[in-house]
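Sending over a structure as structure tokens; questions will come in a sec.
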Amino acid sequence: MDTFARLESEVRGYCRGWPAVFHTAQGSHVTDENGRRYLDFFAGAGTLNYGHNNPELKRRLMDYLSSDAIVHSLDMYTTAKRDFLDRFNEVVLEPRGLDYKIQFPGPAGNHSVEAALKLARKYTGRESVVSFTNAFHGMTLGALAVTGNSMKRHGAGVPLGHGVAMPYDDYLDGRTPDFLLLDTMLDDSGSGLDKPAAVIVETVQGEGGINVATAEWLRGLADLCRRHEILLIVDDVQMGCGRTGGFFSFEEAGIEPDIVCLSKSLSGYGLPFAITLMRRELDVWEPGEHNGTFRGFNPAFVTAVGALEDYWTGEGMEKQTLAKGEQVERALNEIALAHPGAVDGVRGRGLAWGLVMSDPALAPRVCGEAFSRGLLMETSGPEGEVVKLLPPLTTSETELDRGLEIIAESVEAVRESVTV
Amino acid sequence: MDTFARLESEVRGYCRGWPAVFHTAQGSHVTDENGRRYLDFFAGAGTLNYGHNNPELKRRLMDYLSSDAIVHSLDMYTTAKRDFLDRFNEVVLEPRGLDYKIQFPGPAGNHSVEAALKLARKYTGRESVVSFTNAFHGMTLGALAVTGNSMKRHGAGVPLGHGVAMPYDDYLDGRTPDFLLLDTMLDDSGSGLDKPAAVIVETVQGEGGINVATAEWLRGLADLCRRHEILLIVDDVQMGCGRTGGFFSFEEAGIEPDIVCLSKSLSGYGLPFAITLMRRELDVWEPGEHNGTFRGFNPAFVTAVGALEDYWTGEGMEKQTLAKGEQVERALNEIALAHPGAVDGVRGRGLAWGLVMSDPALAPRVCGEAFSRGLLMETSGPEGEVVKLLPPLTTSETELDRGLEIIAESVEAVRESVTV
Amino acid sequence: MDTFARLESEVRGYCRGWPAVFHTAQGSHVTDENGRRYLDFFAGAGTLNYGHNNPELKRRLMDYLSSDAIVHSLDMYTTAKRDFLDRFNEVVLEPRGLDYKIQFPGPAGNHSVEAALKLARKYTGRESVVSFTNAFHGMTLGALAVTGNSMKRHGAGVPLGHGVAMPYDDYLDGRTPDFLLLDTMLDDSGSGLDKPAAVIVETVQGEGGINVATAEWLRGLADLCRRHEILLIVDDVQMGCGRTGGFFSFEEAGIEPDIVCLSKSLSGYGLPFAITLMRRELDVWEPGEHNGTFRGFNPAFVTAVGALEDYWTGEGMEKQTLAKGEQVERALNEIALAHPGAVDGVRGRGLAWGLVMSDPALAPRVCGEAFSRGLLMETSGPEGEVVKLLPPLTTSETELDRGLEIIAESVEAVRESVTV
Amino acid sequence: MDTFARLESEVRGYCRGWPAVFHTAQGSHVTDENGRRYLDFFAGAGTLNYGHNNPELKRRLMDYLSSDAIVHSLDMYTTAKRDFLDRFNEVVLEPRGLDYKIQFPGPAGNHSVEAALKLARKYTGRESVVSFTNAFHGMTLGALAVTGNSMKRHGAGVPLGHGVAMPYDDYLDGRTPDFLLLDTMLDDSGSGLDKPAAVIVETVQGEGGINVATAEWLRGLADLCRRHEILLIVDDVQMGCGRTGGFFSFEEAGIEPDIVCLSKSLSGYGLPFAITLMRRELDVWEPGEHNGTFRGFNPAFVTAVGALEDYWTGEGMEKQTLAKGEQVERALNEIALAHPGAVDGVRGRGLAWGLVMSDPALAPRVCGEAFSRGLLMETSGPEGEVVKLLPPLTTSETELDRGLEIIAESVEAVRESVTV
């Protein structure tokens, strides 16, 4: 690992908790160069909902590449892109009654967010955007301005403007009515809150610590936006593509955002890919007003279509994910019950779960114990106090059980150090 | 094409000048769904320096994918990443005496720029960054603030701060000494120019209209930065990876930037990939202070190593590119001579060339004629007045000749409409 | 009045509600050019706490001017300035145990605020400042950024940055614990609230609608600032100089702000004058780092000393103001009781009172009726829904009674139009 | 002076060079508390064009005050204000063919600048404002953003946005054509210079070092603004009211700015007073959109009318000032000739002059020697390298001679230390 220490910037992060050099991967497992196998409850931070090197998607990808079909095309028209547009519309949008137009803003989730923010500002003629406590929307300057983490914000090196953070669902432990502050400030021309162009929200905050907004809260937010003529942007980069059950994480709440950001598991194979969806009438872009070199990466169109066709033409995927989520929830609750001094609670939805440790120092230790037992998990939350589970949606029940067992053992292992 | 009109956002751009649906691609040619073949002097805006679907790189990519090697790994350690770090150091950095550390800032060029700007601000504790007239550094909010194009800047929807534009080489047609203004203002504590963290520069401005900075000007800039203790960032996203001859476009000038941005042709195969290089002592990042989902896309590491090994272990590539550049220059000069009323000049370096039309309306018409003759080229420059040639570096002399012939015919075709 | 319509900018405001040309003034009365006399419950928006043309102060002013003592001196040393410094220290600071240094930041309240904000940012090295809903701190760009009124904010013509508005005392009608949000966000490194340099607060919001912070809330705020190492700035421009009883409006709460802004009634005679007080250790200014042409207007030093010596050497002033305040409160409560459909409530402290009308349209009508009966009052609050009483502190009980009678008549007069 | 050291903030500046406590003042002289008399070539930094305690203005002021005429009136109508509006129009605007409306933006020059910037942004819908190297427009956040001095800018504690500095006349010593850069950038949609709302300029930069713009340059600037539909703001706070000869400093160039800022000597007596003049069609303010407590300080209206009537109804003032300016210029040139190693040059116009010292360390020493000989002068310029002469316009020729003699002696006195 000397190569990394010598040549890679100190900014590298995940590798510090997982001192192994990974080499191959299949389904819910990765293997390091020494042949050691790990169960992966990290899944590329939610990028690998269909597992590593999914065989069906791999077949499509290899076929596409071997035929010398076009790989890189910016925003030229290609057959692969047309196919993606048509299939995404048929499989995802139409069945849900969503009349969105699709923008290819660049290959990363933050590109989708940057495009969404630009569009909301252009459409409304306003600058300010409301985000929420512990939000994570990305590291580029526009996305960072609506992200909560102070260490990452400080990294900007310039003050971050045009954004204001409001309390997320249950942020104040139920001691204040939902949206009381935001609604009051928007109604009050003297509040000092400049009328925002948009509100940007995650339905479940992954990086923020698996904070789950209730459907009721999300409906309240959508209603507030409608009443105040503010655009609602759902950043579904991590929680979309089935992570919470339905294809979009906001379906359960029955809301229709004005703009939706998708990326991560969209390609289905870990290929960089992002789109921004917008209500048809919001599409006021000038040609070329936002662009980017990798917004037409055709292999990602191909595997994305594969993922849609293989997993989203029926309702099986959603049902399976919800069932597996219940399996996880049960096991985590048992762990919490068994270690009341070490575990503060269990939070989650679909297959995104968090085990909240009572002491932030415990969470990385649990993950460390899990790693030594062959399980990959990261921490999240402002203090890194949450052990975060994002297994591939295709993880089998047996694999889930095995992973949950390791978690139980890991919590047990760090338990003695806990002052109850 | 109804699919695109119905489902894709109005922001789409290139497709408007090229009404064809592309399907396959090989070397310097792309083929549309009707089987029509086009010679490609656009090359993914400089992303395909080694041609489309380069067979050697394809072989490496297919081998990697078929072996179920890990595809997506964020900033975990992988064997593919280690190989890239080692080979990039051995083939590129060491022979040039460059002691850089390497950051993986996300898959796109603007990620590299955003990371560079953050780092420069963090390291110096200053906010302002000097960029140049007609610069293009990307569409995310930080990169956009140092980009010149007013339509794209306006798309931000918020005022863009912390940047100041200075005249690029020859911007004022030699009527003022180089750096007179910038140097004077930096020396003058009353100038109103806040001392900048960094200067960011392209050695050749591609989007800006193929404006070529001389080696002397670049040395002057490096000297100015050194004297004023300002970091020098070279954005080599489009002009690096051999586009101007040497691997880095700044080699010719003999300067050593503090930070270098690379992307586009870095993967060699059109795969999204970017890195930020920084002088070792600048690596003051906290772990995770900048991150991103697709910063570890292993197939790109693999093809990037392929490109380095296949093209950059000797000096052949550089010599070939320079020779082909002379071939292009000669032909364009002939066209200019033949059409003095229509063509204002020829600019370029390596295999990046521009034919400056006397009337901005002519350039898209030349490109349109070229398209109808089977040649892809885009316009650039603030008014779109420059016909821009970025053929793959692997384009054969015969192909170059064929393309240059089409350009001559295309200029001829639009000529009658020109008022001389 | 044609002169005004023809030559004065449309920005003029108060004159629109009071179509009279004023000529002379004495105590609590002003007289227009037609000899009509008005009782003044506006008092220069709190600038004339000792009445118009206070005879004792006038004598000092005339003596000073007639002796050819220096009038304008920037920040040169003068005898008048020394006298002010000494007397302000002896009469105001020392008896209250306050070890402040005194800055002369320019002649207006917003100068005091601008200097306070600069100093807080310089001292802490942070940019953000927390202000409160319905705050008013002034119209210059720095002060405007911490002011709530949306019309005035919009007048900036640029987005206002580096400030965030939090709910003022009782803003959410008791439905959320005090400071719950601010405290939680400051404790949470992921909240998205950048750690602020300072909190700026008015103890009673005059322009905001006579919103009165309780002593308990102010103590809670001071405690929060201390715990989080954030500077506390009290903007006492309107509520200082005895308006609420004590010389400083924060005395009642027993807090010691880090920085205090004073202006308006400081000179005692309506002469432009402002100071910024700062805890001794905060005085990290470089010589000349903040300056201004009129920061040394000696006649204001002279009348300010007069006001201190005439009114603040004993406790009589404070007692009188509190007694008169009770007189006002009683009368307003009677009005409110008599017109439950028209009046929503009565708010105030010392001699700053507001009659909150149920319908914002009523307040200007009440003031209009009062004007026609010879009483000057302005409206305040975000919708202009509050009839605001700021009589000179020297107004006699009889004058107060007369004014309150007019108010009762005026409310009665507009009553019929109210839909109960 | 212990009082000042103990109680006044370290921000105090001028007093540090003049260790005396001033007490009385008359005409061009001030006297300290020990009875020492000083000739004043500082004149309140240009606030006392008619001398200290001008007897005629004093008489008007005393009459006004003694009659209990209204002193403080915000923007209510008063007889004194009407008189000022009428007389300013008759004496200043009409004879010069200027159809301006008049705003009372607050008592200080920076209030006039803040209002001008707001109005320009509101009218044009643009944010950016072009200012010039070494400009000084004030210390409030909006004005500071267009001010050059880096120490003062740094004092803001936040990055200053929405402004860009361009080279002032002769900034680059004639090595580049006037406005070449600005004009080229405005014509170029890719230049990175956002189209500005306005250009703000001083015709002579006082704080910047007595840099004099030629009439030709000013006309060029006005022409550039007209061509690009950018508003031209002349900040005549220091150079207006006759300092350069005519009432407005821009008259000589024959230009008509869109907006003009006046303050300092406007009241004629050192009373805080400022106005903003705007072309009639620019008056798009909402009532109350900009306000301020001391925008109606009636004594200043009265003395301002006095100054207009006493000095500006004929052409005598202008002629006298120009004649006295020649007297000063001759004497300074002699000093420069006599001390070629110590003095770099002489710059000025009207009665604003600068003696540019070859070594910045010399200028404060010259001022120190002058002080010890009974003459007050300040330094200016980015390095404080310019000895600045701003005597009252009413200074007699004999007084001027005496002061110039002292300057000659002072330069002589510091001369030996100069390395030629």
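Details
The letters A, B, C and D name the chains in turn, as written, and every chain counts its residues from 1.
Please note the rule applied: a residue touches a chain if its C-beta (ideal position, glycine included) is under 8 Å from a C-beta of that chain, and two chains touch if they have at least 3 such contacts.
Going by UniProt, the chains are A, B, C, D = Diaminobutyrate--2-oxoglutarate transaminase.
Computed from a prediction, not measured in an experiment: that's the story for all the values here.
In this assembly, the chain whose C-alpha centre lies farthest from subunit D is A. For the pairs A-D and A-B, the larger set of C-beta contacts lies at A-B. Look at where the CA atoms of subunit A average out and do the same for subunit B: the two points lie 31 Å apart. Subunit C has its Cα centroid 49 Å from the Cα centroid of subunit A.
In whole angstrom, the spacing between the mean C-alpha positions of subunit A and subunit D is 58. Within subunit C, residues 127, 151, 158-159, 161-162 each touch two or more of the remaining chains. Of all the residues in subunit D, the ones that touch subunit B in their complex are 127-128, 131-135, 146-151, 153, 159-165, 167, 171-172, 175-177, 180-181, 184-185, 188-195, 208-209, 381-383. Taken together, the subunit A residues at the contact with subunit D in this complex read 158-159. Subunit D contributes residues 1, 3-4, 7-16, 18-26, 30, 33, 44-45, 47-48, 52-53, 58, 61-62, 65-79, 81-82, 85-86, 88-89, 101-104, 106-111, 114-115, 117-118, 120-122, 127, 138-143, 145, 151-152, 154-158, 161-162, 197, 237, 263-264, 269-272, 276, 278, 283-294, 297 to its touches with subunit C in the complex.
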